[in-house]
């Protein structure tokens, strides 16, 4: 590989990692703060993608579709939290796994009933449709750069929100003691509902942004579920910073793994996770379990 | 594991008898379907050993199931083995070895991380077979000749026959159930159950818990391989999908749905799950919606699975069935423990412990003589608990030495230190709340066996262990309460039980972290009396805030401030020390 | 007194699962009053506090906050009505800095008057000033307890409940906690305190309430409690 | 268990056992035995009706229903019943599901599946049980090679069949260095293997075979790799969502402007609306094309659209031909499903005009068919020629071939 190709592969890895981060951030937030293992997380990704497809068909504008889909995703997160997840906070992980697995089945079927079985494509908005020529043989799609920028922006916004706002402090406090936060007069139920809803919406946004480059298809949520869990675990549960580092690692490992050790590429990310856990049993930035 | 209520046991027995008749009265399809269920039940029970009894939630259990099938397929195709006598043991050995390797690596993590690392290893195995060209890749491959059991030239049975396979699966199911039932009542079973309830405590009692977890992981892996073997025999076909995360998830569903930690629950779960899939998939194209709804409903409405529902129904029917056990004789005989001849029995040299930037214990050198009561006092944050945690092995020192009878034990694991004869009690009472006081002590006493890796004889038959447990309870005045659950005891009694448990491990040196914390005056007096009695034949090191208690019981006193020892020596001498008065006792003495 | 009481329990019965812990507790804390809740371990002191705050829902009886019925209201609503609690151990958030621990809880008082501000808290515990950037998890026991009190004050409560206010603290720290309680009274905050330091409590409390097996057996001034020597011996284990 | 046995008297035990036996017998009494000639003919369909492949399952099923309806909804004069079972495209459940249809439902004919792994399990059990089976999509070569059987037929294609001709065709077009790319699973490997065989036989060379973990749809790294290798062309096989994503990524990353894309027909079949402009100019080979101007095809597409409101595709054609085969064979034996030998012969000898062209079987029960060269033009797989006429899978390893 020449330098130019390596640079582009680096870019590929980072871009893939950034998209993974957007999915994993919501998961680690829900995981770390609410203590809920949410297998249905991938379903929000799928729903986001379908909303983007459906609304851009209806409205003819991708931007407008996202503007409409975002509040819809927040609302959906809120409804799911109230109807199902809120019963799980004090329960064992096992039951969380079981219930959210049930939710996957329900969401998948609802998707089929509402949107059918076909694979759909979403057009890249015209202003972002071009490519940037990098070398004479290599070029890079503008839309992917756009996604990376958005993901970086979201990452920065999350960092600020978690570390410097009062609600961020409440959220961090709530992750160590739900009851103590309540004792201080803060409505934990509402706080948790917000966290879940935001986490779900972040994932849905990832699905929306990915819709034009990904196709939109049944079962797409499950494909990202396992990999986003891998990211969260590598980074350490509950750590946004960890999720960021973890997704960069997975993005790069996956990208270079394919090119450099193609025959082992399917195992690379799992081997990486196993190695990280053997070195640090609670992930890179996890609190010791 | 609590014994099964009679009504449920009878129901299960009837069910087994009924199932034995299926090949005689049922159609071929039902024979096949129920065989499938048996296999799934064995698989689910093997996972329940991990999830429900050892507290290890594996999300990669299907790897061993799939491996069982692949071993058979490879042995048959590449080695031409068709004898069950060869393929079955070989398969189990393969599964055992692989689970030992994966388990050895995985048990270093816990909780969700354990879930994920088992998933990671399973996915690697999955991709190995999925990508490999030699084994059919994602299309899977066939077992063209099914195993036979033969002696010489006489074929005893061939698994080609469906009814034979059915009975074989039923027998395997029953044997697996019987084996696990026995296992859980054995000393080994007691230990894994205990470590599920309270891992830190079990380690502090002297059990090398990682070894127990590993053995449990291997047993579960072998049993899953057995299920996979049967499944492969049934259809003569193996595919990497059998070891994928969906299969791991599916069997986990079966276990939780049925009720984990009950053994019979997963079996019921297998029946319900398969029959429900069979029923629902015929109803509507959108049957997975119904399945999802069912799963959600189970979680919300049946918090302990189907088994939980049955148990609570049976519990209501026969509420008075239990607890009529007689109290064994109580003879408060003080068992003699030789006083250590070495002096000092324990010594720290320049002991240091650092936490990210903070030096909690700073070059502490103290000698503790055998047969004495030593108190360590100091304001909060002085490093007392850190010191005790290093002595008991909960924390590894950053630097320095700990010499016990001349041997440097710094950095040893808590279980190894416990087995040397150093017992400890915790600041926050740390018991097995669901077990009875006697069982709490029995586990403790069991830790003095050379090994609890005994799998068949019930732990209740270990007479010497039971005696030791009873003696310890009697000594702490808990004889009459030995059958009460630890969670039902009063605060003071729980603290006594904590001491009894340590006594049951027959330590020479006894570390106590604030034994009087949270006690009222009356309870404090009782505990103090107990400690005085214990001190007659043990060396005691205790941390305590209650100065009156300390002065009443201690022979020597060590005062720590900010990680340093500022004074150590006989109580009166230290009390008179100016520096100590200024730094700690301060106005208190002046007020007296 | 009931109309003016900051908090009042009327005949509350509370359970943990199936075990009946409180058997009709009646008690009240008036405005600006220091009340000591005494009793041996396992008698229901913490349960009483938790029921008052709404963390446990009583099966019978009423909880009134400033005369308003708040039985069964969730804890955050009771807290917002002016009740603060420092649980045993303080409940400091280990992953938040000292500064964050304080400001995350800040809330104006019910009457909107000039309440406790961050500056006031630092003035009350001057050592806080140097530790503002430290993590809650790195504080010593005494520091945590004081920070917990400071944090509770940031919510501008009318009543502060302290569970095991000085448990496990060194003598010098204890004295500082008691001094703080006196200062709070001077500023009009009512305090309901649970602690084993009965001697000190007798000197600072306006009233002493003794609870035995979920029932109130004594409710009077420290003087009457001191006079009832038998009561002290029997129920407080002195 | 020890204490338990003691508490139950032996007589109780016997009584309870007897009751249990009855109870379980009641549960497991099989359905009323079918009287062979009068009962409905049962056709079992093991197809994915949920998940990623559901659209394929539905098209196959609906086209079969269409074909059967056109024949008056009779098979050899008898009423019939389609027993649909969701395969979930899960090989782990495939054996049990096949068993459910063959042994449980006692179907006379079995058809399906989409997924090769499922097909392998299905073929295994069908061979053991002797049930007449028509594979209506899965292309695993082995089904009509090593695993072939007298009772196993295929109405779709073999993976080899649709890709080998593309190798020849691309060499004919003067392409010398080609990179092939697919998912790392059996079907993908068979497809690019067959392509390589054809291409290298005709003098080309495959510079690199890229295998991507299944079902990963993140292709960017491999596209960069392809751009760096600068081959004359790329041959790709993906299906469904992967196909959509690959073709779009290929265009959007700018590689398509420099390196032309070829593929197996599934790359652009049923996926064109989602791929949009990105697919324009992609060449593929397949045994069918939507725009084939054959009378049978025009008639079929029209009827399918009327019946379902959807456009027919290659999967629908395969389902439709499955029905044709059934109808013709059952007519030959006048509805006697017991006449297995005659049924098999009837199927082997069946000749009719399929929407894809004239129908006939090879010795190993794989259709002998033209493989068309198609180019995507204006959102349609336009037929630009025949890559190879009357392609027959070699049937290596099949005893019947």
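Note that the chains take the letters A, B, C and D in the order they are written out, and that residue 1 is the start of every chain.
Just so it is clear, a contact is a pair of C-beta atoms (placed from the backbone, for glycine too) under 8 Å apart; a residue touches a chain by one contact, two chains touch by 3 or more.
Worth saying up front: this structure is predicted, and the values here are computed from it rather than measured.
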Chains contacting each of chain A and chain C, listed by label: B
Averaged-CA centre spacing for the pair chain D and chain B, given as whole angstrom: 49
Interchain centroid distance [CA atoms averaged], chain C/chain D, Å: 73
Averaged-CA centre spacing for the pair chain C and chain B, given as whole angstrom: 39
Centroid distance [mean C-alpha coordinates] between chain D and chain A, Å: 34
Residues of chain A whose C-beta touches two or more other chains: 108-109, 112, 263, 266
Multi-partner residues of chain B (at least 2 other chains): 127, 130-131, 286, 288
Interface hub residues of chain C, defined as touching at least two other chains: none
Touching pairs among all chains present in the structure: A-B, A-C, A-D, B-C, B-D
Chain C-touching residues of chain B, taken from the complex the two chains share: 358, 378-381, 490-492, 514, 517-523, 545, 547, 584-588
Residue numbers on chain C that touch chain B, as the complex places them: 40-42, 138-143, 164, 167-173, 175, 196, 236-238
Residues of chain A touching chain C in the complex: 166, 169-170, 172-173, 175-177, 179-180, 182-189, 287
Complex contact set, residues of chain A against chain B: 31, 37, 84, 87-88, 91, 93-95, 97-99, 101-106, 108-110, 112-113, 226, 229-230, 233, 237, 263, 266-267, 270-271, 273-274, 277-278, 281-283, 286, 289
Residues of chain A touching chain D in the complex: 1-2, 5, 8-9, 12-13, 15-16, 108-109, 112, 116-121, 123-124, 129, 131, 133, 137-141, 143-144, 213-220, 223, 254-256, 258-259, 262-263, 265-266
